[in-house]
Amino acid sequence: MSTARHEPIPELICELCRQFYALGWVSGTGGGISIRGAEGIYMAPSGVQKERLRPEDIWLLDGAHDDVKVLCAPADPTLKISECRPLFANAFRLRGAGAVLHSHSLWAVLASRLFAERGEFVCQGLEMQKGLRGMGCFDAVRVPIIANTARESELTASMAAAMVAYPAVDAVLVAGHGVYVWGSGWAQAKTQAECYDYLFRAVVEANRLGVRLT
Amino acid sequence: MSTARHEPIPELICELCRQFYALGWVSGTGGGISIRGAEGIYMAPSGVQKERLRPEDIWLLDGAHDDVKVLCAPADPTLKISECRPLFANAFRLRGAGAVLHSHSLWAVLASRLFAERGEFVCQGLEMQKGLRGMGCFDAVRVPIIANTARESELTASMAAAMVAYPAVDAVLVAGHGVYVWGSGWAQAKTQAECYDYLFRAVVEANRLGVRLT
Amino acid sequence: MSTARHEPIPELICELCRQFYALGWVSGTGGGISIRGAEGIYMAPSGVQKERLRPEDIWLLDGAHDDVKVLCAPADPTLKISECRPLFANAFRLRGAGAVLHSHSLWAVLASRLFAERGEFVCQGLEMQKGLRGMGCFDAVRVPIIANTARESELTASMAAAMVAYPAVDAVLVAGHGVYVWGSGWAQAKTQAECYDYLFRAVVEANRLGVRLT
Amino acid sequence: MSTARHEPIPELICELCRQFYALGWVSGTGGGISIRGAEGIYMAPSGVQKERLRPEDIWLLDGAHDDVKVLCAPADPTLKISECRPLFANAFRLRGAGAVLHSHSLWAVLASRLFAERGEFVCQGLEMQKGLRGMGCFDAVRVPIIANTARESELTASMAAAMVAYPAVDAVLVAGHGVYVWGSGWAQAKTQAECYDYLFRAVVEANRLGVRLT
């Protein structure tokens, strides 16, 4: 999309976060996004109101790994790097992602509870599946669900294991928590996240209605 | 509406797509719209974020038929003509439509599932039916439901058949997918789409509540 | 509210309609509003997209009665006076209203169905009732429900009768259709409409949850 | 957040109220917010449309106590101090809050009804709990529910008692009415309110779905 080529990544992150807030993905300081740029990894700060972010609040790092080096810190010295850093790192490292986002969407949480025993979210027969990498509308979508942990960083290993077990899927659901979605670039991360959110909601609504979706 | 006469169609398409995104009709790169202008058929590109479209991303074609000739291509060479082209063509060709849109609204999908066995969506007794061409609020609204296919173009024949079978209806529901709605111009396509979305939701909500709508 | 004193009524009507569209009250060309000003009665036109209204689309009439005289017609000659005129007239004439609006909110429609047999919407024990003229939160709110008719003007007599039967209530529900709400001025009409919409939704949601609201 | 340091509090209150209106917290003139500044306590006026507030409508008081002295009254002489003043005072006085807000969110009302017999809202196992002061996602969140009263000021004593009984919680639910939430500053009050609203909705939605959240 032509608009993608011109907007500096810090401005883009702020704009996307405002959009994600309106979608219910990042309220209460939860959620976030990280985008790989030519200069390094841009990352939203931790624990702030995502819809009020300003470009100067965005971190620029040399990566998302544990010994990450800060290339450009936010102007505000009270800001910290996102708690999601190691989880974002999983996407960058294991999948060569260009961007990864974290959503606390209520539909993701409800969907994770509907499929709690099964350990994976499943759906089939929905056109919106086509927005997911490599999926057709009649294929079965399967998204791994991992248990939540007291601290976000404690999810790192189980998230990585789920990613290895589900190589064709660009998302991991965290029970009672939300979902991580990534893509080759920010546009694919965002559009896949929109498709997943739609699918989560579709299954929840169909369940409430007592209809099968396929 | 006076505003309709002054705004160039590419700008109008971008504005409408932002509105449709907010309504939940075109997220995850799904959905789209095509409007007939004096110069030709304007069409949104395929597989892009509809709420981020810019006027220079819009295709201008000499029609929507299979041998369509491109009069003006988007500036961005990676953009493709909407996958919905042959389906939009059905509306232009069979009904002389001035505009046709495609929505992935969840209400359309849930409604299509509620009426899956019946093969047509039905409702009656709702005032919003009056916004549909030729309908009164006590008439029975019937919208054909066709099965989804792996590729959008494969819907062309069944959509045309449904349109021939339901000559008084300006919409076709696609199971698990969404709805196509057209009109004499973009305003009628949009307002009928709004009425249909309202009716789909009304029936779904009434079903959940356990009340009859008539 | 200080903002109310400075904005010309035609601009205010357009702004309010955009807000009502976002609330789901006036999509598909349904719904509308009329405000009494020093110069006469301002009224939205009929059957147009309410969120795209421009100040020059607004009618200025010497009243809302049947022999109404047009003081200033819209620039666009295709526009017609709102179909709600005689219903708006009921509020101006019977209650000396300063403004009256018409909403097609789905919550109003669902609530009218929940109470269809009873013939009146009832609720009690909700704080938002306090935003209704003369109501406390422990009082019983009762809103008359009248049957819908094929044409909006055919509602005039039954709406008037309901208003006479419920002198303390500034709203009339129309089954399967929506609600008319008025007030001493546009602010009271709007805020009472917001309260009613909240109450309609609260009762519908409580019903779905299986909880009593009182 | 850097944006917080530069915006005058009256402007901030107006901006937040517009956001709260969009969230469904302050429609129909209900709800409000008060923020402690260097100059005194800023407070929204009573019974006005919160999304249309202007900076000159905001009260500046020397506190929120009963003999409050007005430091700067709104330009509009018809405006009154918020009815919530004594309730806001509870938060300032008993907790040293920097800001307190009042929301009429429907989710708060429905949640208060779901837990009516129990007298407290309870949830556990949701990540969004982490946005609450001192809470982890596996802790049990408990929010006291007090009965509503005919007049807002009559809630003062019961609200204070609930705050004393629940010292670790920065919110009090009022049955059929809404919730009061405070924080060390406006950002914490707002983000905690967002988390509570999410939790209220999560429990309501899970209840409708028939799933356990933990």
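Labels for the chains are A, B, C and D, by order of writing; each one numbers its residues from 1.
As a working rule, a contact is a pair of C-beta atoms (placed from the backbone, for glycine too) under 8 Å apart; a residue touches a chain by one contact, two chains touch by 3 or more.
Everything quoted here is computed from the prediction, not taken from an experiment.
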Other chains in touch with both chain A and chain D: none
Remotest chain, chain C as reference, centres from CA atoms: A
Interface residue identity across copies chain A, chain B - same or different by half: different
Approximate Å spacing (C-alpha centroids) for the pair chain B, chain C: 30
Rounded Å distance between chain B and chain D, as computed from the means of their C-alpha atoms: 42
Set of chain D residues in contact with two or more other chains: 208
Chain contact graph, described as a line, ring, star, complete graph or other shape: ring
Those chain pairs that satisfy the touch definition: A-B, A-D, B-C, C-D
Residue ranges of chain A touching chain B (in the complex, touch as defined): 1-4, 125-128, 130-131, 136-138, 187, 190-192, 194-195, 197-198, 201-202, 205-206, 208-209, 211-214
Of chain D, residues touching chain C in the complex: 27-30, 48-49, 52-54, 56-57, 74-76, 104, 106, 109-110, 113-114, 116, 148, 150, 174, 176-178, 204, 207-208
